[in-house]
Structure formats: C-alpha cells, structure tokens
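As written, the chain order gives the labels A, B and C, with residue 1 at the start of each chain.
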Amino acid sequence: MADPRFFRNAGPFTLARLAELSGAEMAAGADAERSFDDVAPLDTAGPTQFSFLDNRRYVDQFALSGAGGCVVHPSLAARAPQDMALLLSADPYRAYAAIAAAFYPEPDCEAVIHPSAVVDGTAQLGPGCRVEAGAVIGARVELGARCHIGPNAVIGEGVVMGDGCRLGACASVSHAIIGNRVSLYVGVRVGQDGFGFAMGPQGHRKVPQLGRVVIEDDVEIGANSTIDRGAGPDTVIGQGTKIDNLVQIGHNVRIGRHCVIVSQVGISGSSRVDDFVAIGGQAGLTGHLRVGTGAKIAAQSGVMRDVEAGTTICGSPALPVTEYWRQQAVLGQIARKKGRP
Amino acid sequence: MADPRFFRNAGPFTLARLAELSGAEMAAGADAERSFDDVAPLDTAGPTQFSFLDNRRYVDQFALSGAGGCVVHPSLAARAPQDMALLLSADPYRAYAAIAAAFYPEPDCEAVIHPSAVVDGTAQLGPGCRVEAGAVIGARVELGARCHIGPNAVIGEGVVMGDGCRLGACASVSHAIIGNRVSLYVGVRVGQDGFGFAMGPQGHRKVPQLGRVVIEDDVEIGANSTIDRGAGPDTVIGQGTKIDNLVQIGHNVRIGRHCVIVSQVGISGSSRVDDFVAIGGQAGLTGHLRVGTGAKIAAQSGVMRDVEAGTTICGSPALPVTEYWRQQAVLGQIARKKGRP
Amino acid sequence: MADPRFFRNAGPFTLARLAELSGAEMAAGADAERSFDDVAPLDTAGPTQFSFLDNRRYVDQFALSGAGGCVVHPSLAARAPQDMALLLSADPYRAYAAIAAAFYPEPDCEAVIHPSAVVDGTAQLGPGCRVEAGAVIGARVELGARCHIGPNAVIGEGVVMGDGCRLGACASVSHAIIGNRVSLYVGVRVGQDGFGFAMGPQGHRKVPQLGRVVIEDDVEIGANSTIDRGAGPDTVIGQGTKIDNLVQIGHNVRIGRHCVIVSQVGISGSSRVDDFVAIGGQAGLTGHLRVGTGAKIAAQSGVMRDVEAGTTICGSPALPVTEYWRQQAVLGQIARKKGRP
C-alpha cells in the first residue's frame, strides 16, 4: 500500500472497471466483479492488490506472486498462478500506468496564492492556479489555468506558461515560452544564459544570449536539469519529450517530439535532435550535430558526428552498435591470447 | 588558521589531550604538555599547529614541514623533522578528523524558527530545532530533536526526519522517511517522481510513482544530488552511506550500508548496491543490476552486468580490472607497432 | 528580433558606430551611415539587421543570407552577398559580442532591497546593490557596489563579494571570498563541505572542512554547478575562468586564470589546473593531479595522470591525442578484418 502520509487511495475498483480504465482485456473466465483495493509490486502484492508484469526478468516473480490480479502480455499469461485474475494487454506497462493513476489520481490542489508568495502586480494568473509559500513571480508573467507553482520557485519577468503546468520547489525559469501540461521538476533551471564566450588570449568575452527557451506541450524536465536559452535562435524542447534529472541542454539546441533523454546526458550548443530519439544516461553530444528521427544513443556514448535516423550508436567516440561490439569482442580476444603463457 | 569569518577555534589543546581525543598514541619521548592552537596542512603549518600525513604522495612535504605536531602512521614516523611532536596511528586520517573536530566543533545553533519561515500548523518539530529564513515546512511533517533546516529549504507534506538532521539551503525533500543525523546538502532533491513512462509511438505516458525515499541513519548526500522516490517499492539509502555532489539515484534503487559514491555517478532504476561498495566519479550503472558487498567500481565505468562481491571493475563497458588494463596495454602495443614505418 | 518581453533593444546604430564599438574595420566601399536596428542569426536576418560569421560550417548560409550587415573574417568576405555591408575582423565572434552588447546592454536595475528579503543587520551592502524577493543575506556579509542578488538566493555568514557581482535565483554561497564582476548563475552551490571522510570498516568519519572558496575577478559559474570549499587549503577559481553548468569542483582544487570548463566536468579534490586550460564536457580528473598551462582535455576524457602544458589529451584513460586516434584507427582496422568471412 502506498504510504498514506504521501498518497491518497481512490479505490477499490472491480476487475471490469480496471479493464475499462486501462483498455486491457479480461482473460477468459476472469471474475469481472472481483474487487481490488490497491496496486503493488509482484513480490509484495496480496490477494486484494493488483500488479503488472512488464519485464521478462521478473517472470519467475510473477509465477510465484500472491497478487490477486495482474496485467500481463498475452504471451506470458500461462505462467500466472492459478488464482490470479488477469488483464491482457499488448502494452502492460501502459495499462498499469492507467490503473495506478486511477488508484492514485493527482490530488486536486486548492487554488490559492500563499500570503508569503511574491506575485508582481502585472502578472496574470489563470483560474485555478496555486502558488506555494515563498514563490516569486515577476512582472508581466502569464500563467494559464490550473498551474501549480512550488514553494520558493522563481518565475522571471515576461515568462509565459500554458494550462496545467507544474513548477517544482526551488526551480527557476526565465526567458521562456512554455506550453500546456509541462512539468518542470524541483531545482530545474530554465532560461539562463548559455555558455557563449568569444575566447581569446586576453580573456574571454561574454556574448549576449538573446534567444529564449520554447517548451512545447506535455514536456517533463527532471530535477536539477539545466536548459540554457538560445544565443539568438531559441532553444526548443518538442512536444511530449521527457527529460530526466541532471541533464544539460545547451543554447540553440532543438529537440523534437517524444524524445526520451535519460539522466546526466549533455547536449552541446546548436545540436538538433529529431523526433522519437532515445538517449541513454551520461551520453554526450558535441555541438552543431544532427540526430535523425528514431535514433538510439546508448548510455555514456560520446557523439561527435551526425547520427542517421533509425540507427543505434554506442561508445565514445560513438560507432554503429554492431561495429562497436565487434571492436570490443576483437579486443577481448586479442588480450586473452596475449595473456596466455 | 581557518578564517575566523567562517570558523571558530576551540583550542588550544595539549598533545596529551589530542592523543586522548583521537585515540592515537604519543610517540616515545614526545612532550605531553606541548600546546597546539590550530590545525593546518603540512606545507603551511607552523610550530604551534598540528597537521597530518595520510597520503604517501606528501611524505617529502612531511619531512620538510614546519608543523609543531603531526599524526602519522608509525611506519613513516622516522621521516619526521626533529622538533615535530608525533602522534602515531594506524589510521592517521581518522585520527586527524577527531583532532580537527575538537578544534572546530560544529557550532551549536540557537533553536529558533525565523519569522519568515513558513511552518504548517500541523507540523511537529522536536526540541532544539532551528529553521532558517524562508524555509517552508509542510503539513504533518515530523522533525526530531535538533534538526537544522537551512534558508529557503522546502520540506513537503508528511516527511519524517529523525534527530540531528541537517537540510541545506535551497534543498527540497518530499515523500521521504529519514533517520537520525542525516545531512542533505544545499540544493539536494529528495523524493520527486522517478523517470517512469510507458513509452509508445503515440507518446509516453507517465506512470504514477507511489513509493518513498527511505534514508537511514548517518547518511550524507552532497550538493545538488537527486534521489528519486520509488515507483512502488521504496528507494533506500543505507546507514552511513556517503554520497557526493551531483549524483543521480533512480527510483527503486537500494543502496546498502557504508557505501561511498563519488560525484556525478548515476545509478539507474531498480539496481541494488550492497554494503561497503565504492563507486568512483562519473560511473554509471544501468537498471536492475546487483552489485555485491565491497565491490569497487572505478571512475567513469559503465556497468551493464551484475558485479560480484569484493571485485574491482573498470571501463565502459566495465570489465574486471586486470582484464581491462590488459586490453588497454595490448591495444597500446599494437598501435605502436602499426605506427612504425 | 530578440523577444521584447525579455530584452530591450538600444539600437539603431550606424555601420560606422558598430565598427567603432567592436574594433572591426569597415570593408572598402561600405556605407558608413547605413543603419541597423537589430542583430539576428544569418539564416533569419533581414536587411536592417546585423549578423556574424564565425564558424566555417555556416559559410553557405552566409553566402545566401538576407542580413543587411555582417562581421566576418577578411578571408571569407568574398563570399558575401552583394548588398551586405561588411565589417572585417580577425576575431568576428568577439566583434559580434561587442555589437550585440551595444544593442542589448545589461539593463540597469534599480537599487532596492525587496521587503521580503531577509538581510542581517550586520551585513554591509555597497551602493547600488539590488536584492530580490526572498533572498537571505547572513550576518557580517560584505557586498561591494552594484551587486545583484537574485530571488530566493542565499548568502551565508561572513561571505565577501566585490563590486558588480551577480548571484542567480535560488543559488547559495557560503565560506567564500569573491572578487569583482563574478557571476554565479541560478542554482549554483559554492562553499559547502567537500567530500572528506576517513573511511573505515566501522563507518566513515566526517573530516571537518576548514578552508574557503576564493573566486577571483570576472569568473562565471554556470547553473547548478557545485564548488566545494577547501578542507584546509582553499579551493581557488582564477581570474576570468568560465565554468559551464552542472560542473563539480572538489575541495582544495586550484584552477588558474582564463580556463574554460564545459558542462558536467568533474575535477576531484586537490587537483591543480594552470592558466588557459580548456576542458571539454563530461571530462573527469582524478585527485591530486597537475594540468599545465594551455593544455586541452577533450570531452569525456578520464584524466588519471598529470598533463603537460600545451598538450591535448583524449579518451578514458586519457592519452595524447594522436596516440588516442591511432589506437582507435588500429582497433577499427582489426575489427573490420576479423569481420570478413
């Protein structure tokens, strides 16, 4: 059970209702009226709790689970314990997401501006906005409906946010135009000057950074990540893209739609990443690159050249994945041979 | 001398007293009543100051040092200058830690809640807590005795902290249960949602993150590090573990006791790290791994498989350390040979 | 045109005036009285806008640009479209920096202390300082003239800053002595304890960190970077050095003058970096190293040994750049050969 100090449970739900909410199908013979009062992981779930199997690594745990119900891919349904009520889905993790969101919906938060918040008189806040203690909202800021601004967060002059946005505690945003349903997590930094200097032996001269950050709808940016504003062009994060914690996005970078960028990635200035690109943790991209649609960049890769759409690359410097692993294998063989007496 | 603008010196102490405080032994013939008024590094210490030698790299500095006293391993004592008063210890750095803490104890801070702090009426603060300006403490928070909450720090609803905890300036904590004597440094982010999405061609759906962060006694977490809460299970940081700055810990990760995790490490979701593991800076672990007790992971390693207890690994992808260096050596040999005319 | 919500344009300027401001020369036959009302990138600039060409990668864009004027290296001037007014400079990016700063000067900000800021009665603020909402300034802090302290930023007891410094929103500084014209960006952490523990099987004992952070004139430190204070000696950042976002600088590190340190670099304790060193993104340096003047360390390098002045190194573990690329080439050849049937 999720800790009631932090989460409020909206259950119970019947199996039929969970099927409806998630778009999954009830397995043949399942009891549509069986009731579930919570979600839980496979290894701890009990008979009134609902779970999911998404990663084959956990199929043995599934077979032994005490969960009363589970959403699972049809191909693995046969491994279920006898008394388990099953929902079948081609995408069980997505179905579970809907089920968990039904049990634990985002709490409605009261629309109130805390008296210790400092909201400039020229800022415009849409209906239903909530501004927590100590938050600071600058001149001419425009927030849409139902935005939630966390404690001690800071929004600089002129920033625009759409409806349903969330800004986490202690985060700061400036020089940015932000769409709807965007979540900027705790400690995020959006809109500060990029790293632009004219280098020289007499010292490095700052180059004014005159662009903005444009963040499209449904983007999430993780804790303590940093998104610099453009130097002249804008920095753009495309619709639906999800960025993890401690990620660095340099000035003028353009990221497409529905990308997934894992923790501690760094993308240098003026690079362009097309739609549905996935970038593994700690990978780095140099500046002025182009990464094509659907490309996959493995964790810790060092990308120094353009990446073609649909390809997977790996290593530092990054290579096509098969080439990378062939090199690793060959190096291992040679080293073993040399190691022999 | 430590800058009196920032530190208050509680000295002087006699050699005998420093021996007692640190558990080190006075060298034969040392003057027990010799008095020291400060600690200082070997290269700058004067005749009334006390120093330490821990790293053999600095043994020449030791031999030439003007320090009046020094704690040193018995095997290096013979290298000391003639007038230096010696304490002998099998672990001189630990002994020095005790001596430095005697000269510069943590200042007692007055138990007061700054009038600009916002403390919810349902929060319970133990005796001796200090809450600095602008801090925000949410509903139903429970703090033990003598906690120190820094300026503009934020504690979310329902968070529990034990006795003697410190939360740095501008740090934020939510969804967390925290033990005693835990230090969360400036800018730390604990308890935000993990990076959980059901990916798909029509976009990525957020999966509710229903776990907590559990931090055991005597943990320290460095500046701007991020610890995501669990997705269902908890994220756990075991007793005595020390985490450096800018480290990312993903959801459901379980870290054991007395681990040392250096700056900019990233540990992906659901991995499990056993006790006394050391992880060098910028190393990355993929998800769902197990790292055995006492394993050592070198800086910048990329860990893609389980790591056996007591082993040392290195490289990206990480290999057993001897294998890694053999590969590096062989590659160097071949490249040199090919480079010849 | 830079978005007027965020930037105020101080133009127009004549070509002659831009030449004067930037130190560039008017090309033969250029119309000194031609007027420009803005700066813009080559690909979007119109006939009344001024641009720059610095990177040969964009020379085709230059040749097709609709910009009314441009500053360019003399060797590329022949590629300009016919109607473009040219300024010539051996360092066009530096000239552009001056031009852009003329169009968009740093706004004068009114010297005012926001009523919600908390400034200790013993702090001394020079003339012209601005302190934003929610900022907290501790006891005995000394700020020079015209410092700008951002919203919800925190300055700890005893910190000294010179003239014209900027501290970004939600940043925190303690135990630091800071020169003139230093910019610490949003979320920066300066002066917290370094990662100093006496490790041991019975747990790790904290070693008091008794040094400071000394930051010389004209340093910039990017968003969410962390600079630990010294353990005994100071941590020092030399004059004119520019540090990007999410960089970690360990205790006792000494960085020289005019270095450039790109995002997500980590420098471990007690290392020393001389003047004019450039370190690429995500590189890591182990502790107790020396990096000589003018050395270049490529992105993602792992530096385990001293680096000689003027050399370029690459890879993890880092090697001289030619050796590194020879190894990569040889490995590629062998792998291709083995891959053949």
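Simple rule for what comes next: a residue touches a chain if its C-beta (ideal position, glycine included) is under 8 Å from a C-beta of that chain, and two chains touch if they have at least 3 such contacts.
Given the structure is predicted, the values throughout are model-derived calculations rather than measurements.
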Open item on the list: Quick check: superposing chain A onto chain C on C-alpha atoms, how many degrees is the rotation, to the nearest 5?
Closed with: 120
Task: Chain copies touching (chain B, chain C) - same or different residues, decided at half shared - done: different
TODO: Measure off the straight-line distance from the CA centroid of chain B to the CA centroid of chain C, and report it in whole Å.
DONE: 28
Task: Multi-chain contact residues (two or more partners), chain A - done: 116, 134, 152, 170, 187, 224, 246, 264, 282, 316, 331, 334
Task: chain B contact footprint on chain C (complex, rising order) - done: 116, 118, 134, 136, 140, 152, 154, 156-158, 160, 170-172, 174-175, 177, 187, 189, 192-193, 195, 197-201, 203-208, 210-212, 224, 226, 228, 232-233, 246, 248, 250, 264, 266, 268, 282, 284, 286, 288, 302, 316-317, 323, 326-327, 329-331, 333-334
- [ ] Over in the complex, which chain A residues touch chain B? Could you list them?
- [x] 2-3, 5-7, 39-41, 44, 55, 57, 91, 93-94, 96-98, 100-101, 103-104, 114, 116, 132-134, 150-152, 168-170, 185-187, 218, 220, 222-224, 240, 242, 244-246, 258, 260, 262-264, 276, 281-282, 299-300, 316, 328, 331-332, 334-335, 338-339
